[in-house]
Every structure is written in structure tokens, then in C-alpha cells.
């Protein structure tokens, strides 16, 4: 849609999500990766030397020769930056870019819950991007930050949204089985995941219990009114490379039967589909009738890693519905989601 | 307690649970393994030749030379038989033993839900063994069947019982992460569990949703009155060898706070502890304060594999309490549970 | 190259290699899959019902509706059949097809070592296909069988061939780390591969020690003269889904230095590359300088799963060279290798 | 044997090997753990607070309350110290203890190849401990360092020694499949070992190729004459928790047949067995006839984790013999080996 390629930068380019972003930007119809930035340790090196490439597909041509810049708006000129920075540094760095007039699409948690920062799943709450106007005032220019939710929250909210619209969520209980790549590299030691699962991921329960209520909030003027349904989350790290599996039980205001719910899920489409954004999957939510699925290895690449897959839908003996949902944590849940959000900014004409 | 060793037989001796039973009977103070029985395919062979031994510890001395018998009361003379038979053959075989006047302690699902068959977790509902009197009438002699619950149900019911007694369960939602050994050998293909989890185990959801209500039933004369709380279960097979992890959310009639719940769990004792049965763990439920536990590899051998370990107890934003429980599926959940039940029969003087 | 699509059938279509063949035939420029055949158990059913699809990519359109035929030339009309049959039935079935005038490209071991049956790695010994003329006489018609080597042998021979040509192999010691998919589905029980490796695969040592000498044989008129170098193999099953890793030590008549060997490997091309066969990778052997590779997960898809990847080349303190080679066992090692061999038959004008 | 308990300290007490040492010292008949020491980060804390305990068995009573000391002879008083220090700090720290008159039994690589430092597998070369006399002169007192070999070398040398004695080793080719615990904690990232193996372990090839020749060296006066046979090693990290598997091919001066070799291995005994040292296994090398073993999960605990298990012995088509050997890398290969070496020092009266 844009008349010429938009130059973009990736912050935190050496990490796992940064690499996924770089891979996803290769051959992108709208964006051209012109700069990569990372921590002091890597800055000044050629990208190919700064960190080993950890994906199955080889790095895009040309990237290896880019000189890694520092995560500072003075060293990076692109008007649009995708941030895969670690939370320990993302807060200040992203703020500096916003104040310097850049559009920041962030995958980090630091600014997600700020009042005037949109936390967006593009199919679910694109209208929250209107908060950007208010946020610009704060930064005193044209720059702003928009955020991509936690990798588990994205899959969860994507499948909750159609049911919430249809029948109003009353309460949600979710139990996750999360892939190792969610912790980045080096991440989880293999000694913790050989013949084992770990029922703990630092900070994850809080994110899953709070973020969906902001994403499903109603925009009232320039203020969000958070959704009121409580979410209960418990999380587990399992010996799987990619793909977060969620086991969900929920109650709705108006009781839904499983067929009605499946129909709402599989027919769900959003603005990315209407606008045919480059990274948007045709169908955000796929439904499987195979009672042994979704499975991470078989289903994580559905829709190019951008679709959630829902299965095992049935009446819950305790709440209303019980089902499983799977989504790819470093594609839909990180790099792909971030990229799709950048595309949405362009399509809505929000770039500085 | 018995004045001399009681001869016992193991039916289904070549399978994984059968092997665990044989290992557990080695050096048992009350029981002496005198006969092993298995399917036609193995009958007549020496046990050491009939099937490869799959445990880390070597087979007990003397067992390899036992001739495998058919699963028929005419071929087996022991008054007490432990059945690790597969459900496809357990139904008829166990009935035949009961009719032939033997006490059958079964690990198979076939007779679990029959009205006059006790389904027992020894710490939880030993009084249900009184049903045996009524059942003997049906079989027309001194023989009877008592059953050990499903491997997930046992851990679940063990940790539910103290809370039910204290405050009355209203509803329970459980999500399991189950070990591969639960499916026996060969069981789950490795292609299904490398870089993967499978959200399906045939028949398991039904067992977990129904069995706890029978185990926590009230005995009214010679009839059980099932507990009324609904259970919602979803199950997952994960790449772990032994140890089923349960993620539980529940509501009680009287709301409990986490500390009160933990106190009830860790102070819980039952008849096996009072009677100091040989296989009874000192403490049926251990509580961990480490927020990263229970983990299968670290905690499955607690109490010699006979204790459940509870952790991550907190208030649930949706129901009352949310926590994790782990128990060893082939020890407490199968071989050990079966053996403990046999010991309880002896201690209560119920052997034919 | 052929002027119109050649109808082909897949025998053993429901197994893992059969599924890989079907996936690889989708959109093939020369071949059109018109028939699928499998064991009695599946025959008569629709393919989509006969067996669950086990690949990450969905089954090609149209395949699900094909009626599965019996593995009998009377039920299958295609002139070219790809056999992914199990060795227990492949022997007779393939012979029947050859006698019925069909060209059989087989992945099974049964006929591999027969004197007049070519055992071919298309880049290595395409000239062995001339044996087909002699074999036709035996079958009394136009039909014949050509065979694809064992999945470990293929990768091994592919990397041995350039070194053999250059300097003459004197002796080879190989130690394998083989993926679970090599055993098909259900194959290896997960209990054998969780926290474990198994130093045994039935029949594999013999195949790896004998097949390379036939593949690297010299064709003398219509007779093969086997290569004389001995091969010593030891094999291990490891918890990896796809990709066989080979650790190789070898001695050559003329001593090679590592750089010379790497140059010979990376510059190696064969008839499939010269003829630009559809399934041929551009470069049959890729060389990596990363001392931590080849690794199954990162390198198995090199060249679309059709290239071997060689790394860690160095002087061996005992023999001459020591290095690692990886190839995809169900693509290059089975379905892809079989397909490439079929293409070679067409290009050489050998179809009936 | 000693008339009273000898006070000992563990340096590097918080790591995986340190924890194994502490566990192994619990209830030791000769040694009493009186001090634990670790890096600056931990020093001053209570041991129970300094690092999470990572073993399946709980920490020995009393240890949690010990205050962690710095790795400095001024802070540690025990005359005998077991060092599980990381190689980055072990060099200087161990030297300081030796100079301060202490006996150091080290598991680190730093001093292993020094001319006057014994590198000992207690069953294989106890006589090398005589080098201690010469070393004391260097340190100017009663202190000295003795070293435990690399975790792969120990298993390898243990099984090579009887064959070397019997027939003289000419050359050895070994390919390893090594467990994750060999890298300590956190060690290998799970992303590297899910659906993968890694053919690289830093420095390991050199250690395996050089250490066996020192261990099998002849002591000539106070000088070692290294064995002359070359060793070729290639190494792999596999998704196994504990237990290094070695695939070995070798040639001997006098050709051995497999039965003769197995007899030499299973009848092998050394000084630890003659002296009945507390940690010595009855039989240092066990032989299995099961063609699917040794397997890490099933065999690593043989002899309490102190015996190597050998299987799959056969004639090698290239060298003389081909077989598999397994030993526990953190027991025999680290903590247990170190402890056994300490016991040997006591038994030989070498303590300061």
C-alpha cells in the first residue's frame, strides 16, 4: 500500500525475537530493513559476527554485513523501529526513540500497561491505536510507542475476543504449556527440561491475568475502560521448542454451546484481514475437529505461524466451555505480531 | 502384622505396572510373591524370558526363574492377587478370580465404577472396603474385587480429600501434564513427544471427572452416595518419564485461605499412617514453598514415590484456590497404590 | 522434460515415508499421483480415512479422496510405482509389479543386494541403472526394480563418493546418531528416548557396512565389482525427530588434507545436477565452517532436505580424516531419494 | 580404616558437582564434611541460601546451615579439600591450598597435565600417586594436588586399561554421546537440545585425546612415560541428563577376540577393590549381553554410579574390536571419582 519502501530498524536484533523479525522482514513488500541495533556488547560489530544465527532458515542476504548500532535514536535514523529489546533496557531506550519522534512497535513488557500506550492484537483492538494521539502530547512530538502483548496473552486474547463479543466473558481460567523459545536464548537450561516440566515462569502469571483485560477494554474518548472479567492463570514450561498451548475454561454472560463458539471462532476476521495486511493470516483462528490436536509440532505453523488453532471444544462441567488453543510464541506471539502491528500503523496512516 | 508371609500373585506381570509391583514386593514384610501370570503369549515361559525388564533397578532375585502362568484361577493358587492387567482382558479375568474365592486388588478400570466394588485411596476412603461384604454375596463365596483408581485420579483425590473434609468442595477444574509411563510400554510413540505435547489421552477425561466423586462418596449402610461437586478435566501427555503434574483450581463451600489449605494438606494423615502399613509414606502430602516446584524429576520420588507434593498455592482470581500437585503415576498411581490397598485389606482382616 | 505428466502410484502410502512421498509429489512437474496403495487393512477406504496424516504440512488437495488400493499390479495401473512398503511385504509385492511390466522404485531393503538390481544414489552411481536391461530378462518383460539405499547409507555414501574418487577409500569407521523417524510410526516408544539413547537399530549395522560397497562398485559389462574398503558401523537412536548425524573417520590410499577434502565435497556435482532433475539440490554436499555444526535441527533442511551437510573436518590422529555429516533421513534418505531416482529413470529414458 | 573421621572441605560447593560431592559425603565412614567454600558471590551466606539444590535427593541434614567460605586456605581449615571449582578459578585457588600444606583432590582440568601432578583413575594408575613426593618439593611443604580426569576420559580409560594390559593398545577411535549434566548448571540451553544433538563441546576433544595417554603412562622413577597409542575423539552433546556413552573402536598389538576382551573387562579389579575403599564398586566394569545396552537411563547407576557398563562387543571390520561403554559422568566421572581418589590417598597414607 505505501508508495515506496519504508526504512525500518530492529532494536535488540541479536536475540531470538530480533532474528525472527529480521527473517520476517526479508522480502517484505512495505518495509526495508536498513538498520540493526543491539546492546553495547554488539554495537560496532558486523551483524554476522555479533551473534550466532539460531533459526533453521539462513539469515537474509545483506544482513550479515550491516554494522550493529547502539540502541540510541542518534545512531538510528529509521522513522519506524521494531523493538525486541530485553525488558532490562527496553524501558528507557524505547522512550528515547519516542521522544526523538519515532514510531516504536515494541515487544517488551515495560510500557504495555501505561495508560496512553496501546496494547494491541491487530485483529482484536485496532481502535486502541487512537490512544497514540494522546501519547504524542506526552512525548512532545510525533513519536510514540505501541506494544505487542506477552506471547501467551496474544494467543489467549485472540481466541477470547470473538467469544467476548458474542456472549460477554464472565471469567476465564487458563493453564499454559509454554515452549522453551519463550525464554529467549540461552533461556531455560536443558537440565530443567529433560524428563521434566517446570510450573513457573517469572512474571508470566501477572501478565496473562492483566493484559487481556486491557486489550479487551472499551475505548471511551481517549481513555480505556478495562474489561471486568477475572482471569486465573497458571503456567508451565515444557520441553517444546515453539508453540504455546493453552488449556482454557470459561464462563460467558449468555451461555454458549460448543458449536456456536466454534462458528464464532472460525468465522472471526479483523481489520488486518479486511485491509489485507501483508503479514495477516487469511483466517486468524483455525478450528480442528481432530480430538488429539492442537499439538505444538503439528499446528504451530498454521497460517504461517500467525493463526491460532483451537480444538477439543466441549461443555465444561464447571464453567461453560472448555477447549485448547495453540499459537506460535515467537511468530504470532512476538516477531509476527510486532510486524503486523507495524503494518497496521502504516495502513491507518499513523507513521510520523 | 500377619504372623506369616501371605502368598500373592501378580496378574499382568510382564507390563510396566506389573514390573513395578514385582519390584515393590521384593523384601515385603507381609507378602511373598509366589506366582506371576500374564497373557497367553507369555504363559509357560520363564518370566526372565517372557518380557524385557524395563526398570532402572534389576529384577528381584528368583523372579526370572518363575514360570509365567495363565490369568486363570485354576492356574494360580494365591489367595490374594494383584492385577496389573490391561483393561481389554481384566474384566473377565478378575471376575473369575473373585468367583473362585480370591481377593483381587485391581489396577484396571473395568470394575471401578460398579456399585459394590470399592474404589479406594487408602488414606481417603478406607471405610468403603465395607462394600466387600455385599459384593461377596454377588460372587457367591469369599472372593471379591477392590480397585485402585486411575493414576491421575489418585493424586487428585489425595489432595482434594483434606480440603473437602475441611470446607466442602463445590467445584474443581483440573488440567494435567501426564508422564509417558502412564500409557505403559510401548505406549506413546517418541515421534509424538519429541518437541511436542499431546492434549489427549483416551478415556482419561471421563475417569478424572467421575472417579473422585465415587472416592469421596459417603457410605450409607451398604450404599455409596456420590459427592456432588463437578470436576472439569483436560489432559496432556508431556515428554516426561514418570510423574503426573496437576494444575488445580477449586471452590469450597466455606472459602479457605491458602495458609489454612496448606496446613490441612500437610497435616493430613489416614488409616495407612495410623496402622503404619509397610508401603504407607509417613506424610501422604508434602508441601513445598519453592515457587518453581513441584517438578516431576525433582519431586516424584517424595515419600518413596508414595507422597503427593503440593506447591504454588494461592488465591484463585476466579474460584477460591489455585495450586499444583504432583504424584508418581506408576508408584502411588499404580503399583504402590495397589500394594498399599492390599496391605489395608490384611490390616482390616478382610482376606478370604 | 517429459512432454506430459507421467501417472505414478505410491505403494505403502499410509506410512511415514509414503506420506513424505505424497507430499513431495504434490505439484511435481513430471509426475502425477493417480493411485495410492497400502495393506489390506487400509485397502478400499478413502485415503483420508485410512491413516492419520503425520506431517507438519497439510496433505495435498485431492489425496484424501483417493480410494486406497491393494498392493497388487491388478489393482494399480500406473507404469511407475514408488514403493514405501514395509520389508515384511515389499519383497513379493515389488516382484509382482516388476513381472507385470512396471518400473518399481523401492525404498525397501528386500531387493537391494540382488546382483541385477541397481542400488543407487543418483549423484553417485547413476550408471548402475544399466543393470536394468539384464534384470528385465529375468522378469521376462519391461518391468524392473531399482532401489534406494538405507537412510543412513545414503548420507554416508554421498559424502564418501567424492573422497573415494579423489583418493581411493581404504577404510571407513562410522558412528551414527539417528533420528526417531527412521523407525517409522509408531516406531520407537517414547519411554526409550526420554532422557536416553539406544545403541541399537535392528539390521542397521549390516546395511551400513555392506551397501556403500555396492553403491561404489564398478560396473564391468553387466556385472558389479564391489568396492573393497571395509566399513565399520555402530548405530544409536537419539531423541531427534528428523536428521541422521554420522561421525566418520576414514583412511584413503593417497592421504588427503582437510582443505582438499572439503573442496572435493563442496564442488561435488552429479548427473541429477547436470540434468537439472526437479528434486535435485543445486549442491549435493554443503560444507559448514561453524565448529558446532552440522546439527539436526539447524541443518536437516539444507537443499530442501536433499543436501548433506559436512562439518568439523580435521586430520584424524588415527586414520586420515575425521568429520561429521548430516542428512535428512526421510527426505534425502527416503522419500526424496526415491523420487530423485524416479526422475533419473525418466531422464535416462528407462521407463517401460 | 582411619581411626577417626577426617575433616574435609568442598571447594565449589554450590555447583552441580559440588552438590554431588556433598551428597556423597553424607554418612561417609572416613570423612566428615566440615566446611563448604564457593565464589565471592556465595561466600558469607548460609549454604541453603547460596544456591538452589538441584539433585533428586534432598540435601544432607546440617549442610544447609553451614556458612559458605571463600576459596582461600586462610578461610578453610580442613587438611583435605575436594575441589569442584570451575576451571576459570581452580588454577590459582588449588595452588594456594597446596602451598598452604593441604591435600587437594581436584576435578578441574587446570593442573591435570602438569608433569608432577598425578592424573588418576584409582583402579588404573594408583602408583602415579608417588609423584606427590616430587610435587611437595615444588610447593615447599606437605601440600599437593592430585587430579581426577575429564568425565569422558574416566569411563574411557577404565575400559581401555584391562585391554592395554592384556594386549597393548595400538590405536583408539572414540565417539561420545554425552549427557547435559557434564556442562554443569545452567550449562546447555534447552533450545540446543530439544529435537537436536550438538557435535561440539569446548576443549573436550583435546582432553579425551591426551589424558588417557598420561593415565596409562608408565612411572619411571619420578617421571611418567606417556603411552604411545593415538586416540581420535569426536564428541556430541545429546538430550540425556546423566551418563556418557562412548562408542569405541580399537586395535591392539596382539589381536584380541571379543570373548577374551569381555573376560578381561569383567574380571578387572584394582587397588580400590583390594583395599575395599568405601566408594569403590565391587566390580569396576560390568558386561551386558543385551544387544540394546548399555543405555544411559538403564545403566548409569550400575555399581552405585561407579561402574562402567560395556556392551555390543564385536570384531571391528576396520580395527580389532568395536564396543560401547557407559559411565555416569557426575558420579564415576566427577564427584564419585574425586571421592574415591581421596579415599585412596588416605589408604596409602599420603595425607599431610
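Letters A, B, C and D mark the chains in the order given here, with residues in each chain numbered from 1 onward.
In this text, contacts are C-beta pairs under 8 Å (C-beta built on N, C-alpha and C of every residue); 3 or more make two chains touch, one makes a residue touch a chain.
Everything numeric in this text was worked out from a predicted model, so none of it was measured.
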What shortest step count links subunit B and subunit D in the network of chain contacts? 1
Which pair wins on C-beta contacts, A-C or A-B? A-B
Farthest from subunit D by Cα centre, which chain is it? Let me know. A
Between subunit A and subunit D, what is the gap in Å from one C-alpha centre to the other? 47
Can you give the whole-Å distance between the Cα centres of subunit A and subunit C? 41
What whole-number Å value describes the gap between the mean CA coordinates of subunit A and subunit B? 43
Listed in rising order, subunit B residues that touch 2 or more other chains are 192, 194-195, 239-241, 297-298
What residues on subunit D touch subunit B, complex-wise? 52, 54, 56, 194-195, 241, 290, 297-298, 301
The residues of subunit D that touch subunit A in their complex are 16, 54, 180-181, 185-195, 239-241
Can you tell me which positions in subunit C touch subunit D when the two form their complex? 171-173, 175, 177, 192, 194-200, 209, 230-232, 234, 236, 238-241, 245, 247, 249, 291-298, 311-312, 316-319, 322, 324
